[in-house]
Structures are given as C-alpha cells and as structure tokens.
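Chain naming follows the written order as A, B and C, and within any one chain the residues start at number 1.
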Amino acid sequence: MARAVTTQRKVTNTVIAWGVGLLIFFPILWTILTSFKTEAQAISDPPLFLFFDWTLENYAIVQERSDYMRFLWNSVIIAGGSTVLGLVVAVPAAWSMAFVPSRRTKDVLLWMLSTKMLPAVGVLYPIYLIFIRLGLLDTRGGLVIVIMLINLPIIVWMLYTYFREIPGEILEAARMDGAGLREEILYVLTPMAVPGIASTLLLNFILAWNEAFWTLNLTAATSAPLTAFIASYSSPEGLFYAKLSAASTMAIAPILVLGWFSQKQLVRGLTFGAVK
Amino acid sequence: MSTRHSRSAARLMMAPAVVLLLGWMLVPLTMTIYFSFKRYLPLRGGDLGWIGWENYVRFVTSSAFWPAIQTTLVLVGGVLLITIVVGVLLSVLLDQPMWGQGVVRILVIAPFFVMPTVSALVWKNMFMDPVNGLLAHLWKFFGAQPVEWLSDVPVFSLVLIVSWQWLPFATLILLTAIQSLDSEQLEAAEMDGASPLSRFFYITLPHLSRAITIVILIQTIFLLSIFAEIFVTTQGSFGTRTLTYLIYQRVLESQNVGLGSAGGVYAIILANIVAIFLMRIVGKNLDA
Amino acid sequence: MLQKTVLSAASVLALAAGTASAQTITIATVNNGDMIRMQGLTNHFTDETGIEVEWVTLEENVLRQRVTQDIATNGGQFDIMTIGMYETPIWAAQDWLVPLDDLPDSYDADDILPAMRAGLSHDGTLYAAPFYGESSMVMYRTDLMEEAGLEMPDAPTWSFIAEAAEAMTDRDNEIYGICLRGKAGWGENMAFITTVANSFGARWFNEDWEPQLDTPEWQEAVTFYNDLIQNYGPPGASTNGFNENLSLFQQGKCGMWIDATVAASFVTNPDESTVADSVGFALAPNREGIDKRANWLWAWALAIPAGTAQEDAAKQFINWATSKEYLALVAETEGWANVPPGSRTSLYENPTYLEAAPFAKMTLESIRAADPTEPTVDPVPYVGIQYVAIPEWAGIGTTAGQEFSAMVAGQQTPEEALDRAQTLVAEEMEAAGY
C-alpha cells in the first residue's frame, strides 16, 4: 500500500526541494549566464540576471586564444582511455574477489584503497623522473596509465560490490549446465553486471576528466587536456569575469551534458555497496 | 567442484590489478624514501649526499608542521561534517514525493561534474571577491559590510567550496541507501504513533549508517590530498596550508626535494593512520 | 617487469598520440597581455621561417612550477621558456640555459637596456632575451589629486604618499587612496614589500647570510606598509596582486597604485580603463634622508633550455620576438602605446613612441634608477632588488609573504608577522645549508 500523500505536503516538498536544488546549482548557472555578458556587465552593480545584451564575444576571444577542440579531444582520450583500461584490469580482479573470495580478499581490497592515499605532490618528483626515462612526458598514453592507476582502486571496489550482489546460485546453475569460466563471465555475469559497470564507467570518467594535478604537471603542448586549458585563465587581467566564465563553461559543459543524460545510470549504480 | 582450478584462475585474474598497483605504490614510494634520506637540492646541483634522518627531523620541527596537520584535519573534518549532515537531510528530502524529482536531482548532483580548478576559480572570483563578488553584493544589499571570505574566514571558505563539490556525491550514495529502506517499516512506526523525528532517528539514520561510513571513507581518501582548491584560492596563506600543500611548498617552491620527500613519507603515515582507523569501521561493514 | 608492462602499454597507447609535424617548437609562457598578443602575431613568424610554434600558456604560478620542475629534471618539454630576471642567473650558473651570445648583428644586442642586460646575464653572457622590462612607479589619478588640492611631485616621498592617500580616500564612494599588493607570493607582495624595505634602509640578509627581519628598519617599513593598506586600501587587499589591483584601478577605485611600469599602458588604454585620460606618473617613493627609492627591476625574458634538439629554431624565434622589428609589428597592428616596453634603448629614442606613450619617460627613468647589484643602503651578499637571487628565495619569499599577507588581513600585527617570518626564513636557510 502506498502511503497516502496530501497534495499540500507534496507542494511543500516540491517548493523546498526546488529551492534547495536551485541554490546548489546556482554557481553553475551564474557562471553560464556571466559567460554571455560583456566584461562591464559582468561586474555591474547591482548584478544583472537575465536582462542584459547577450553576446558570444567571450567565447570567440577564448577560442582565438586557445584551440578548444584540441584540449577537448585530449580530455576525451585521457578520461576515456584510462576508464576503459581500468575496467579491463579491474573486471577480472573484482570478479575473482567477489566469487572466489579467500581469507585475504578483504585485506587486498583495503590495501588497494590505501594506495590511493599516496599524496600526489610527494611523489611528483619520482614520477616525473620515471616519465622522462620512459619518454612518457606529454603523451596521452602516459597520462592514461597514471590516471588509470589512480582510479583503479575505486573501480575495483565499485565492481566488487556490484558483483557481490549477484546471487551465487545463478553461477552454480550455470556451472551445472556445463558453462566454462569464459561463458560464465560472458553470458551470465556480464548482463547482470551491466548497470554496475555502466555506473563505474561514468563515475571514473568524471573523476578522470576532473583530475587536475597530474594532467597539469605531466603535459605540455601536445597532450594537454581541459584542466590545462583552464589554467591559462586562472588569473585576472583587467576585467576578466566574462572570459573566465566562458572558459569555465567550455571546460565543464561536455561532462555536465554527459552527466545529465546518464544520471539515471549513475544514480542507480553509485552505491559502493552502501545498500545491502 | 573445481575449487582448486577456480582458485588459481582467480589469482591469475587478480594479478594484473595487484601487480600494477603494487608497482604504482612501491616504485614512487621507494624513490621518495630514497630521496628523503638525501640532501637533494635540484637548484644547487641535485644530489648532495646522504644525511640520515635530518630531513625527517627538520620537517617536523619546522614551525609550519603542526599548524599544517591541524588545518588538514579541520578541513577534512569540516567537509565531512557538512556533506554528511546536509547530505542526509537532502537525501531524505529528495526521497519525498514531489513534482519534478528528476530535475531537482540533476540540479543537486551538477556540482560533482565541475572540475575542482573551475569551481575554485568561480567561487573565488565571482562569489567570494569582496568588491565584485556576488556575495559582497548580497551583503551590501542588506546593508552589511561585505565579508572578505578568503582572508577573514579562509578555512571556512575552503570547507564551503569543497563541500559544495562533494555534497552531490554524499547525497547520491545516501539517497540510494534511503530508497532501499523498507517503507512498511516506516509506516508501521507511523501507525504506532512515532513522530517523524523519532522515525528519522530510530529507523532512517541507523539504516544509513553503512552508507555514511562509505561516504566518510571515500571522501577522506580524496580530501586528504586536496590541492587545486588551495592553490587557486589562497596558495596556503592565512592558515590554509595543509600537509599536502606544505609538501608542495617544500618540493616545488623551495626546491628541496629531500625535505619534501620526508614530508611525503609523513603524509603517507598520516594517511595510513586515518586509513586503518576508517577501515576498521568499514571493514566491519564490508562483512555485513 | 613493471617497467616492461608499462612500456608496452604505453607504446600501444602512444599510437593515439598523433604524428609530429616538420619543425615545431614548444614555448611555455605566462598568460599576460603582451604574451597573448605575441601568440596572436606568431603567424608572421611562421610565414617567414616555416617553423610552427606550439604555445603552452599558463598562469604565472603554474608556469613557474612547470618550467622549474622541467628544467631541474632535464625533462625537455619546452624549447623556449618564459622566465624572469630571478631565474636567469641561477639557471645559467647550473649550465641549464643556452647562452645567447651569437645572435646576428641585425639583432643589435647592444640596444637592450643596460640594466636589463645586466640582470639577464651570468658572468657577462646574456642567457635570456628580454621580451619586456619593467621597474615600478607611482600611478595616480590626476583628477582625484586635484580634488584633494595636492600636487604630485615627480619624485615623491613616503610621507607625501601617506598624506595624499588619506586625502583621496572616500570609502562611501568606493574610492581607496592607495592600492598595494597584499597577495602572498615572492613575485607578489614580497616584491613590493622588499622595495619598501630597501627604501627604509633595510636588507634581507647581512653579509654572513643571517636574516635581518628582526631589525628596526624592517619593523618601520612593514608597519608603514601595513598602516597605508589598512587605512587607505581597498577591502580584501590581502588577496590582491598585480592583476587584481590593475582591475581595481581600471574601474576607478584606486587613487594611487604603486606597481609595475608595464601597467601604465593598460591603465591609459581607453578600451580597458574607465580612467584612461586622468592618470599621472611619478617615481617610486623614498624616505626622507635615504636615497634608495622603492623601485624594482624585472624582465620577462625568453630563454632556451640546454639540451633542446631545436636550438636553432628556438634562437630564430627569440631573434624574431625580441627584435626591433617585432616592436614595429606590434605598433603597426596595435598602436605604439601597446608595444612591449622596457627592453630596448631605441624604443625610448623613437619620437612616435614617446608621443603615443605618456608614461615612457617615467618608465625609462625608473628603470635607470634601479640597480640590482646594489639594492640596499647597507651592503648585502646578494644580487636583486625585489628578490634575492638565490635558489631558496622562491620558498623563502612565499612563506614570508604569507605571514605579511595574514598581517594585512588583520590576523597578526607587524611585530608578529616579522617575528614569524624571521623564524621561517632562518629555518629555510638552515635547511639549505647556509
């Protein structure tokens, strides 16, 4: 039986929730609005909300200064590559942890998470030296590997929790029917794990996209992603709010759009085993 | 059945992940430890020989060390507190019946998609700027003296910015947990005349405990290494120098790789202390 | 084993990394107006030489971190780096830079302003070519000065500055008598504070490299700076650097601003500045009885890291970007007032420029008044006016700068700030082995 809800209560909920939602979203909205103002309008007192002369000139200026598409493409490759590579490594590991657990499984999992606590600034020097030795500086490949390694523990853990939700009896049944390991993974496990894998993929894509320390320090011209793009707008030069807003909007727009379209998958899967 | 067979297969499947992470941990860690026992000044010719524990002693006896530890803990603790308290309230709210639930949910999770550098830049310039920032306009509108956010209440400002970024994450995980709550249990409690408040404290909150520990664990991992937000906003001024930032200053600003590496080792130790503490809690929950 | 795994994985992925073109040089540079203008004009260079240029444009702090990291590890990421007067002699001493002593005659290296040339050389050899150079001076609002019934002398004293700042401040209308740097950083507030200290007779180190922040001269200088900024400065001064103050001045919120001479062309540009037609200039102040003025010397310069495979192409670029012809090119496309200043003597002998740039005379005088080899009243073991040319300075300057920034924010007194800065500096120097 569904709980009876009075219309009045629903209205109250709606008003409060929308108010809070808009408040949280406001900084992003304000950034997007400001990007369409002129510099003078951007600092006008009192602030202008909707009634100003909408202009695209900031986008033109930003594009003229730095070729947006190249940074975007690098971001896509680095975030995408590291996520896919991460899944390739993590799926088997998570599978075996979930279905063939041993006494040490939990320890291994926790150890993996602890590697994420290595402070990046502390190891920048060693990593930089290794990258020089291997010729990986300013290559997308090098970044794909580093970012994959950074996010690998999270990927393994997320997948592990999904796989554990899959009832073992189904696997038993499949094995009875003579399914080998390969078939088991391919035909039984994978379909059931798709929502989990999808949300893992999304979360890690977002984390990789937003990673700003390694992507800034290990790149120069050829492989610099959007985090480096934004680093050239991070200090004011005369009036700069509108240009900064335009650059910011360009940097976050792709991931924002992706996130919005896929939020159902993300929400469905983002549990980390929080739900039993 | 073929337990033995699947055991070894399982080990083989884990191998790539374990080996990669082991390498990722050991190689830089070994090098960091190696540097930490050296006088290593790149701008003075690089490796100037072994100096034993000197870097370690110097790093902790520096007048900047304990304040940095304190700032780190306050920052992490503050963000955890805000994201969890607000996150729980928000997830309860979002679980209520309403119109346009999907859209509200999108609005709430949006900050998670914004890169830290961008969010720090936007907050610093367009909101917290004491002359042209939106908050300054708001304060002036109510006839108050605008707050100089980043210098008057710097740590709070950072906590605010970082909380804004991580609130969506906490809310999402808590929301999925809340949605799994058996509604019959709540209804039964309601019939028995339990007030909404006691229903929340005796049924909802205990149900969320597992989700909360997971939020704490994951966020702590990310928050301990917060860097971009500080770099963009205060550059470590006004008592916002965290341990991570202090190491950055030693390695990159002072170009003292040995000293910074010793700091890195301390940071790893601190992280592991926190980790062991957290994992005790979560580890228990993982069994459940 | 790991290395192999990483390597093979990398080579697979490297396929995605695209193909290299004929000859391309990579230049790391800072995101200020003159450099961005240069990027816009690069196609002229490519047309002339066929050499493609890749730009890595970064905010100043990020740039410093990136290029220092790269050169110290011999990373080889950049063929040209944009560096300052501080880095040049230190890096040159490590043999990290390619000497620029073989530029063609047409380049006319003798035309570079002597002060700039001296600051960018090591043992008499030029290691970085100045793209633009600057000193610091007083920029003030002539209209506000008139309203206040005062007249700015060409060479003001600190007490006059304080008097004028008081007279011009009008908080109700958001006009602040004086805007000064308060944002922490060795290239931000410490550059300014160090020049104030110099003009009060203070110095960073004595001849035995002992930090001198506990002396009465520092006490006086820092207290004076703090009083100025607290009483007549804008709100949030502790987070204002060069760019923030520039923005405030352009919006008409500052009565005076003591900062880099390059700002003069921005504050007098009517497209950007609301007060363009009412800006006057004066030499940086001194204190009565002390002949050192509070003006600094700085240049953003282009240098080639040793070991680059593209040395010749990089030299061609430097030869183009810091030449007289480049100045003429900017003049042609952007007008003479927007030419990068402070690098060449011939620019200051060009009547068209002198007419187009009302600030030219004062800029040149300020640059001439600065002497990096004798920055202080008492003798010092270091070179550099608003910096100390030792590798540790960046760290020292920034940590000390944070203490002074906290002072401006009202979190500590000048005494406390100096006390803590002295401790931190002593620690850093000890760690570096002095």
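Note that in this section a residue touches a chain if its C-beta (ideal position, glycine included) is under 8 Å from a C-beta of that chain, and two chains touch if they have at least 3 such contacts.
What you are looking at is a predicted structure, and each value in this text was computed from that prediction instead of being measured.
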Legend entry - A-C against A-B, pair bridged by the larger set of C-beta contacts: A-B
Legend entry - Most distant chain from chain B by Cα centroid: C
Legend entry - Rounded Å distance, chain A centre to chain C centre (Cα mean): 38
Inset, instruction - Go ahead and note the Å separation of the Cα centroids belonging to chain A and chain B. - result: 15
Inset, instruction - Give me the residues of chain B that touch two or more other chains. - result: 20, 27, 252
Inset, instruction - Going through chain C residue by residue, note those that touch at least 2 other chains and give them in order. - result: 6, 65, 69, 73
Inset, instruction - Could you list the positions in chain A whose residues touch two or more of the other chains? - result: 43, 124-125, 129, 231, 233-234, 236, 240
Legend entry - Contact set on chain B toward chain C in their complex: 19-20, 23, 27, 39, 41-45, 48, 58, 62-64, 129-131, 146, 148, 150-152, 231, 234-239, 241, 249-250, 252-256, 259
Inset, instruction - Using the touch definition up top, name the residues of chain C that touch chain B in the complex. - result: 1-2, 5-6, 61, 65, 68-69, 72-73, 90, 94, 174, 183-185, 234-236, 238-239, 248, 253, 391-392, 394-396, 398-399, 401-402, 405-406, 408-411, 420, 423-424, 427-428, 430-433
Inset, instruction - Spell out the part of chain A that touches chain B in their complex, as residue ranges. - result: 1, 3, 5, 9-10, 13-14, 16-18, 20-22, 24-25, 27-28, 30-31, 34, 43, 45-47, 89-90, 92-93, 95-97, 99-100, 102, 106, 108-110, 112-127, 129-130, 149, 152-154, 156, 175, 181, 206, 209-210, 212-213, 226-227, 230-231, 233-234, 236, 240-241, 244-245, 248, 251-252, 255-256, 258-260, 263, 266-268, 270-276
Inset, instruction - Report the residues of chain B in contact with chain A in the complex, numbered from low to high. - result: 1, 6-7, 9-11, 13-14, 16-18, 20-21, 24-25, 27-29, 31-32, 35, 90, 93-94, 96-101, 103-119, 121-123, 125-127, 132, 134, 137, 141, 164, 167-168, 172-177, 179-180, 183, 187, 210-211, 214-215, 217-218, 221, 224-225, 227-228, 232, 243-245, 247-248, 251-252, 257, 260-261, 263-265, 267-268, 271-272, 274-275, 279, 282-283, 286-288
Inset, instruction - Enumerate the contact residues on chain C facing chain A in the complex. - result: 3, 6-7, 9-14, 16-18, 26, 28, 31-33, 36, 39-40, 54-60, 62, 65-66, 69, 73-78, 241, 243-244, 246-247, 250-251, 266, 272-273
